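Two complexes are shown next, each including subunit A; its partner changes from subunit B in the first to subunit C in the second.
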Partner chain A sequence: MKSRRMTRRGLLTTAAGAALLLGFGKVSAQESRPVWMPFDGFPPADSMAEGLQFLTPDEARTVGAIVERLIPADALSPSGKDAGCVDFIDRQLSGPYGVFSGQYREGPFQDGTPMQGDQSPLDARQRYRLGLAALDGWCRANAQAAFADLPEDRRDAILADLETGKITLDGIPAELFFEQVLANTMEGFFADPIHGGNKDMVSWRMLGFPGARYDYLDSLDIAGTPLRLDPIGLKGGPSWSADWVPPSAPARKG
Partner chain B sequence: MRRLPKKDIVIVGLGWAGSIVARQLAETGLDILCLERGPWRDTARDFNISTVTDELRFDKRQALMVQPAQAGITVRNTVSETALPMRQWGSFHPGNGVGGAGLHWAGITWRFTPEIFRQRSHLVERYGESAIPAELTVQDWGLTYDELEPHYDAFDKLAGVSGRAGNLKGEIREGGNPFEGPRQNDYPLPPMVQTHGPKLFAKAAAELGYHPFPSPSALPSEPYTNSLGLKMGPCTYCGFCTNYGCANYSKASALICVVPWLLLQPNIEIRVNSEVVRIEKDGTGRRATGVVYLDGAGEELFQPADLVAVCGFQLENVRLMLLSGVGQPYDPATGTGVTGRNYAYQTPNSVTGFFENVAFNPFIGSGAAGGALDDLNNDNFDHAGLGFFGGGSTRVIPIGGAPISQRHVPSGTPRWGAKWKEETTRWYQATMSVGCEASSFSTPGNYLSLDPTYKDRIGRPLLRMTFDWPENDRRMSQHVVSKCTDIVRAMGAKHWEPAPIKGAWNTSPYQSSHVVGGFVMGADPSTSATNKYLQSWDVPNLFVVGAQAFPQNPGYNPTGTVCALAGWAGAAIRDLYLKSPGPLAPT
Partner chain C sequence: MTHAFSPISVAAGFAALILSVPTASAQQTYERFGFAQTERGRYIAILGDCAACHTAPGGAPLAGGLRFETPVGAIISSNITPDRENGIGKMTLKEFDAAMREGIGQGGKRLYPAMPYPAFSNMTDEDIADLYAWIMAQQPAPAQINSNELKFPFDIRTGMIAWNMINFKPDAFKPDPAQSAEWNRGGYIVEGPGHCGACHSGKTITMGDKSSEHLTGAIIENWVAPNITGDAEAGLGAWEEQDIIAYLKTGANRFDIASGGMMDVIRHSSRMWTDGDLKAVAVYLKSQPGRSGKPLAAALPETDMRMQAGARIYKDRCSACHFDNGEGYPGLFPSLAGAGSVNAEEPTSVLHVVLAGSRAVATPAAPTGPAMPSLGWALSDNDIANVVTYVRNAFGNTAAPVSTEQVATARAALQP
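Then we have the complex of A and B:
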């Protein structure tokens, strides 16, 4: 062993020939990760858990009143609220994303140029907690009711003013709060239903997105017409149930 | 600090570059240790087909990327600004774990053309010294295409690259890229299937007199057994490719194309969750004695070695050199120093077309299958009088239709509400973009350094990036985007939205992970940090392998060249350095 090491060292400091030592030594791919758990990379925290995990019932009501205006119900789809965006947001806030885990969170925090990105010291939980309270405060002072109790058109007008910063909220920039809620609402509406939103894959049906299917080799030559496939998600899909009817097939009788 | 038993060679980082260097050195029989900062990865467990199609987890929450809390950077556009941390990844997406960014990459696999390696000489010969804008620090690479060609060829066979040769041993072939350098062999696999959008693109481009060809792709078009005997499955166009791992053993990566072979080599050891924090040098400062790394439990360990190869991706490679005092740090005020000098990026350009009466089925997609043309790239068109140099590879590559991100609506559409929903649904099936990944020239003001304020979790300064688009590249962007607009129009779009670069570099939206330079290769130690073998001029037993070696960026994705350079550097260590340790090129 000793002499072999010295020979090897010699290879790097003198001009001795290489490849003499093939076949010695041992493989050791060290593995120091804990045992496997579903979603261990970044778990969809508690997405299966019942009940609110982070939001208070009042906060959840306000979030619902926002997301059903960001994504209103119409012939194309149910509302963001009915699609589960409140559950989605609540689960996200209660998990690692809620504290922006993994992001660089060291100070000093200071405003940068518009090109330097989001520099707010507030994490996602704080943005909701402060923003929802401030929104209700603003509504009570200016519209004599909580946001969730205002009529749809009034809520739309307030949301539009948050988006453009026409309204000033206490403790958090209105645009920051609005962008946070808008981004999470869209995530919840379009993400796989395993995260709590996009119930019954409503957004995927709306768009014609087939979801978690992994193989389109049979459809590569489709020439400009929509491929109509029932969507499937990480938890399955309607085609797994006994009374499923393929979308292109005529309805089964009786 | 605990001192571990000595190794002959330590390789830092086990992505594309590190795995190829290890492969080149394996047969020397030397004791080789690969240190990888991130976790072990395995297709069956980490990219399982029943969990991998999760857009929220992989695309939005960036599950495969190194976390900024571990390896963040600070950014600013000019020296007069205070750099601030990129608190979450935006413009680029660095990787982590065995396979690196080469796990969640897209697989578009180019060779650079011969002229690129002689960038300055070429421009001077054709346009004259005085035509080169003063703002550009354009320079030659110090090596030639012909020297690198065998290693491009080897990478084609390692990764199972699909495509059609346009220049086979000097013979120009119909249907391939007529502008590419001569190849000694065709691609190992035929091109990928062209779906409807790329077909429209190819037809329109040909009508306009361009030379379209299928984009070269490291996603195999057929089952493939690579040069190390490892098997890959055919790509199924799953549409969860860029930013995801592949469940099919299709997308080429170190994980499936090299590491299983490395594990069979008795003299190679891989340690994961092992982050190298600096290179140690002896008293002369001219010899690396090994590396200091943190193991999974956070213990600092000294790993002695006779030779160190740093392969930790461009950003980390430059940062480790700055932190370890290798090469003189670049000073933009004086233009002296090489470590951090000539940082460049990739200029992103696109034109989105909105079509009527067509469904593109955008979810049928992959990172690299589609159509391309090179007529707008390099010096393939005459630049005399245009006021800029450079250009880009133009392509239509539908990458997938996962809808948190992949929803195009005409600008001016509300971002929420009933109208937003109507427009989103209307256009989901009916948009197709022509993109142009274009060149990025280096300038004296764009550079990398250590941040004076922001520190990582163990108190080391973050890397600081100072970057804005050079005037040359802004003009180039206007030019290529106007040409791409003609193509989109000829494809039959009813409405189109050109997106040339505008304003200062915005650090937030994803643009590309094609960050280059900062520790560049060359023939002159006053303007390069390594010689043409990627060997540090100052510390000859230190090799630094990755895109940080590019003196400027041409209009192509980098990885084909990163991997060819890794093969080249590994061969140089094996065939030259080990026979006669010391500087391989005269200073």
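Then we have the complex of A and C:
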């Protein structure tokens, strides 16, 4: 075989080609399809949890005593406690949200201006653990009972004072603790029941929200007519069982 | 921005340089058999879909190693590269022919009929010789394969002598002079190299092909290989020749998108068949009578409680893609109305895709490869029984209802 002369041009071309091939290898690896796996359903990790995951029974009792005052039972809906907000908060705290894993958490932590938002070094778990202990400590010192054992109107007054900062808690600003619990209570009340709250889709029924549906293609021709769809969550709803009976009278005006 | 030369063309040229250097053995084979014969053999290997079984994912081409779980143990596909130690490099044409058409491997070793030699016995002498030429021109791979992990007594290969006596009559495909050349070509491909019956024909208790259930469908690896006869109700009756051609060539047609085992057939084989061969196969399949003789179930009434609950689940979870009329969307969402795998006696395929999900085949002609999400986590066994019962009895479908126990069994069989 005739020996080939390596020219400068040839060397450069070959080197460029080799580099490109290597480069293409990397690019194609990133651009390849996501691997499809059987049974890849991505259910939320917390959806199968049973029993308390993070809160102690005493803490859970106190959270229940708070959320049933933030969302009291009335003609429109059951209370936040009966809707499962305690379960929702407990499961969220046990998961990535509990340590704010989606946030930058390395500091430095300084008091910011109100416009700069939440600057606290405390993650959600710490806010509950410190806040609940401090609240009970304050109640025992000033009302001679644990928060959960106080009458409703007394609890309402204490919660109002937490919101405005009239009460000082040990280890955590009272407003921060109140905002944290209020936000999580609303999330639990309105989120998909798969996360533990919104039991029987009570909040969705209250609002007339039909739940996790893809589209309403088949309803386009009946514009102006209330659909009165029974809500469904990610794991379905009562209408999926064989003995379900459609509600006869509309519960609310459309 | 200017370039003296396109980087892509340089890379492509570089790659072509690597790929175009023939191996020593390939060079010798070209000289021995000639380019034309080797090329004909390449097409026979495509028709026969050798790669689907003899190339493991990520492994060297034709080097074997793919596992097939059977109820009596595992069979592992062999290395059929021309490697002289671990492949079939030492095989003469005569020995190769014996393996292909009689199931007798090197040294008289009996092959398991997972290798579809009963179908290949229909192949012509010329096709066998061409295929041999092509295989001997391939890159040898040193992969050592122990192809037999079967349990006693099935691990004794001489048992296949008895199997052959019951199930195997080596017989070349006999053209039917009353039929067109196209029909005969289609028949040759379907019954011979294409070995369609290996999956689509009913099996006897000894796993031989049941002649009374030729191409009328079977269960294989937790999928239904549907009835592919021309039978109006159970088979491909609703599919025009063009639909069969599009399905084999692109993986999708106006009714369906391939999933399960058929994905490999399309990806490695039928998408590269000539248009003439695709048409011939379509003509032949359409001409096949549906001979299963099993009466179709009557559709359940809409008033059935399972149908009522199933309809509501379908509306909430399925109709977004498959639509209220069950007809799906051509090229993206398979039609459930009239689908063979939905109406099959066993609900295996429907349960498979509902429980585990499925990714349909992607080919250059239909590159999307849409996926059905797994609903196994969100639907209970009872929900799935109701919705699958509904799908099998709505949109003009008629098939037996599915019980919660059937769903639980399927779930246990599929769950990794």
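Keep this in mind: the second predicted complex is superposed on the first by the 192 of 254 C-alpha atoms of A that agree within 3 Å, B and C clash if a C-alpha of one lies under 4 Å from a C-alpha of the other, contacts with A are read in each partner's own complex, and residues count from 1 in each chain.
We adopt the following convention: a residue touches a chain if its C-beta (ideal position, glycine included) is under 8 Å from a C-beta of that chain, and two chains touch if they have at least 3 such contacts.
Note that the coordinates shown come from a computational prediction; the quantities given were computed from them, not determined experimentally.
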Partner chain(s) touched by A:159 [first = subunit B, second = subunit C, both, neither]: first
Which superposed partner A:214 touches (first subunit B, second subunit C, both, neither): both
Subunit B versus subunit C as contact partner of A:242, first or second or both or neither: second
Partner touching more residues of subunit A, whether subunit B or subunit C: B
Subunit B versus subunit C as contact partner of A:49, first or second or both or neither: neither
Partner chain in contact with A:234 - subunit B first, subunit C second, else both or neither: both
Partner chain in contact with A:145 - subunit B first, subunit C second, else both or neither: neither
Doubly contacted residues of subunit A, that is, touched by subunit B and again by subunit C: 13-14, 18, 20-21, 24, 33, 36, 38-39, 41, 213-215, 217, 234
Residues of subunit A touching subunit C in the complex: 13-14, 16-18, 20-21, 24, 33, 36, 38-41, 43, 213-215, 217-218, 232, 234-237, 239-244
For the subunit A and subunit B complex, residues of the former touching the latter: 5, 8-9, 11-15, 18-33, 36, 38-39, 41-42, 44, 69-72, 74, 76-77, 97, 100-106, 108, 110, 112-119, 156, 159, 163, 182, 185-187, 190-192, 194-195, 203-204, 206-217, 219-227, 234
Touch list for subunit C against partner subunit A, complex: 5, 7-8, 10-11, 13-15, 305-306, 308-309, 312-313, 316-317, 319-321, 323-324, 355-359, 369, 371, 373-379, 383, 386, 414-416
Of subunit B, residues touching subunit A in the complex: 6, 8, 27-31, 39-40, 45-46, 49-51, 53-57, 60-64, 67-69, 72, 75-77, 81-82, 84-88, 90, 193, 195-196, 199, 234, 236-240, 247-248, 263-273, 295-296, 306-307, 358-361, 363-364, 401-404, 407, 415-418, 421-422, 424-425, 428-429, 453-455, 462, 503-508, 541, 574, 578-581
